[in-house]
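Heads up, the next two complexes both have chain A, just with different partners, chain B and then chain C.
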Partner chain A sequence: MERHFDHDLSELKQRLLTMASQAETAVNRAIEALTTRNYDLAIQVKQNDEILDRGEVEIDELAIRLLAKAPLATDLRLVMVAMKISQNLERVGDEAAKIAKRARDLSQEPPVKINVDLPRMAGLALVMLKGALDAFVNRDSAAARALIPRDEEVDALNKQINGELTQFMMSDRDSIPRCLNLMIATRSLERIADHATNIAEEVVYLCEAADIRHTAK
Partner chain B sequence: MTDFLLPKLTVAPLANPGPSAPGAALIEINQLSLFYGAARALKAISLPIRERVVTAFIGPSGCGKSTLLRCLNRMNDLIDTVRIEGGIKIGGHDIYSPDVDVIELRKRVGMVFQKSNPFPKSIYENVAYGLRLHGTTKKSEVDAVVEQSLRSAALWDEVKDRQHSSALGLSGGQQQRLCIARAIAIKPEIILMDEPASALDPIATSRIEDLILELKRDFTIVIVTHNMQQAARMSDFTAFFYLGELVEFDTTTKIFTNPAQKRTEDYVTGRFG
Partner chain C sequence: MERHFDHDLSELKQRLLTMASQAETAVNRAIEALTTRNYDLAIQVKQNDEILDRGEVEIDELAIRLLAKAPLATDLRLVMVAMKISQNLERVGDEAAKIAKRARDLSQEPPVKINVDLPRMAGLALVMLKGALDAFVNRDSAAARALIPRDEEVDALNKQINGELTQFMMSDRDSIPRCLNLMIATRSLERIADHATNIAEEVVYLCEAADIRHTAK
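== the complex of A and B ==
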């Protein structure tokens, strides 16, 4: 006999997966809007952010309902982790909206004549986000753990690009507003990688019941 | 991002050490098997029970948890067909040794049952009865212990003006607290509780649970419960039994968040049992 609780849990998982796919799409499209200078796409990504906001609220409501049934062991961990992952996904959506906003502004200005490795950073942030969500779907703790150190690569790229943009701004004062927009977009990518790291840590907790946050990994 | 610095917080260690941490067990159950005739109801159970903590026994009906509880004060002696192998030591002494005075043992190891069972006497007499049986007859002494026991059982304020009324006039929850007062009046070291709140409403249950948490300052408590949440709320250690075997014993937090055994996981999440 299927437990009623399993039915509710699978609804929770399904909603989380929907939210995950929406967050991934938002980041993909925000980056596309930024790199292809696509104004319309940027506006669309910004407007779609509320879908993820709603997703977070709905998952919290469902999780509260499940917690009221006092789940234990893996069931308890899954509900806790779902709440935390949805919060991270909502913030990923916020960062995608921020990138889209910068993409919108930049699309209205002449391109900056600087070659920064933004596509590589964006690619890495996306790989991390997708990897963390796959690890959740597959309950793959090892994959989640393997992902976490990659955040340092993203941080290093963020630092490198910020340095390059600063240098460029000093040599070309007219580029300052546009370079600042690029800096903000870069920072959002760095934050997306942080959220992917958080999700990976939650996957480790879900699988191993080990809390590895704020520890040397 | 850290924009400002906060003083470093020190997180207090858990109140109770894990099963592997040092510290003497008050009760040591060693390779205990129990037979009802030819049927083996407990299978080579070994378990340490630490002093002044709450240890919960959980498991599906018929798993042996109540049988084991009753071994701790030799209540099973009252059943003719019962035979025991292995041993139980309390404070280092084998309680099944032939020289043990069973009455004295039951004074040290009190018991509270699922169904409250006050004597058909006054509230006062219920608590005073055991004291007198064990030789305390001076009225002022008996009065003092009755009051102290009723206070410890969180019942004094409700009954102080009607101590000489019949105990049978109390509510179910009050009767159960009276039974706890009766048990602690004779100053046992250990209190065994067999589903003490299963027949009570949520408010009375909550009072019993609060009381048990208070009592563990002075007593070692072993409780059998079918209620997972109750075990999670109250106990420091949990032992899970299945078909007469001890499947897993660990801190309650571990058992209810990350049990090591699949059978424990399946039971606490309601997948079987």
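== the complex of A and C ==
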């Protein structure tokens, strides 16, 4: 029984790491598809989303099996956190798929003649996601805590880009549908940073047994 | 020990029902603020959001305490489902707050001269939310299953309204910022229907021990 538990627990961790790397890849590719106007890559990201959907379901199954074995308090926290992180990664995959969908549509249209700082926002969202996952792997509560305030930078960039796109739409009405696609992609980046923040909060909970959600704002 | 467990379990259920009713109220009021252009009501909904934030944290605490007591498989499922439903309700609260924020801004501007079917979409999202929560209270798996396909109606309405707003923006550029506010509110309604779908899927899992997520699409 004990051995089964340890085996399932290490499988849970392994699967979560696989999911983390899949989610990161999806976001990277979606952003690449968007910025390089790559239709085929966009389609591929959209199609791969079900891998993360499956990951979430499988991790929940494993977690339920583990929870039924009455683990120690520290194991219990790890299982709970694994479930929450996997859920966030699944959502990250959804957002990557949404970006890919907009990238697909935008790749078929002339480029919008506006220079918004999407690459910086994408870079920041990715840094947050990678940082949160590294903090989980290294059980680094301080690194996780340091990440959380960066969400505000992403929110500020999101607001700025939305303002610029709105102005541009008002000056060039033919650009409206394409600008809306860019806005939706921007919003997905903002959501990815939110999920990274959630993951960081779960890491703090795992390391310190302190629930810090909803305390920052 | 056994008695503590039963006591905590019934407290968990009670708190979840309270949260459910708070989330429903928030959505109702946010929609009312939006449709009646009521500034004060919008501010109130935004301020009340922290009640649901707190609810989520408290339910997780209770759930962890319950899980540590090695419950039966059926209780275990209930605790897991309670956590997931509370998380969805917290997000519903977030979306209500977003709608309220847009309602607040829109109440300070002249009305947009376009008739989009926001009331129908809002009504449908509310029916789904209420239906999912009733299905949970009544442990009615069939009702929960019947609700899930309705999410597609909401998605279709969302698409339709977005198309109409985009067209209108192209014909009247001064309306662009206000139309964007309406689009964001519409998207929040769509997300509320998604959360209702998630809750319905959790009810199916609770009643049938079958994970049906990601199988519909």
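The rule we apply is simple: the second predicted complex is superposed on the first by the 212 of 217 C-alpha atoms of A that agree within 3 Å, B and C clash if a C-alpha of one lies under 4 Å from a C-alpha of the other, contacts with A are read in each partner's own complex, and residues count from 1 in each chain.
Just so we're on the same page, a contact is a pair of C-beta atoms (placed from the backbone, for glycine too) under 8 Å apart; a residue touches a chain by one contact, two chains touch by 3 or more.
Fair warning: this is a prediction, and the values are worked out from it, not measured in the lab.
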item: Partner chain in contact with A:Asp60 - chain B first, chain C second, else both or neither; value: second
item: Chain B versus chain C as contact partner of A:Phe5, first or second or both or neither; value: first
item: Touched partner set for A:Ala73, first chain B, second chain C, both or neither; value: both
item: First, second, both or neither for A:Ile176, with chain B first and chain C second; value: second
item: Chain B versus chain C, judged by how many residues of chain A each one touches; value: C
item: On chain A, the residue positions that both chain B and chain C contact, one per complex; value: 70, 73, 76-77
item: Residues of chain B touching chain A in the complex; value: 228-229, 232, 256-259, 264-265, 268-271
item: Residues of chain A touching chain B in the complex; value: 3, 5, 70-77, 209
item: Residues of chain C that touch chain A when the two form their complex; value: 50, 53-54, 56-57, 60-61, 64, 67-68, 70, 73, 76-77, 80, 162, 166, 169-170, 173-174, 176-177, 180, 183, 211, 213-214
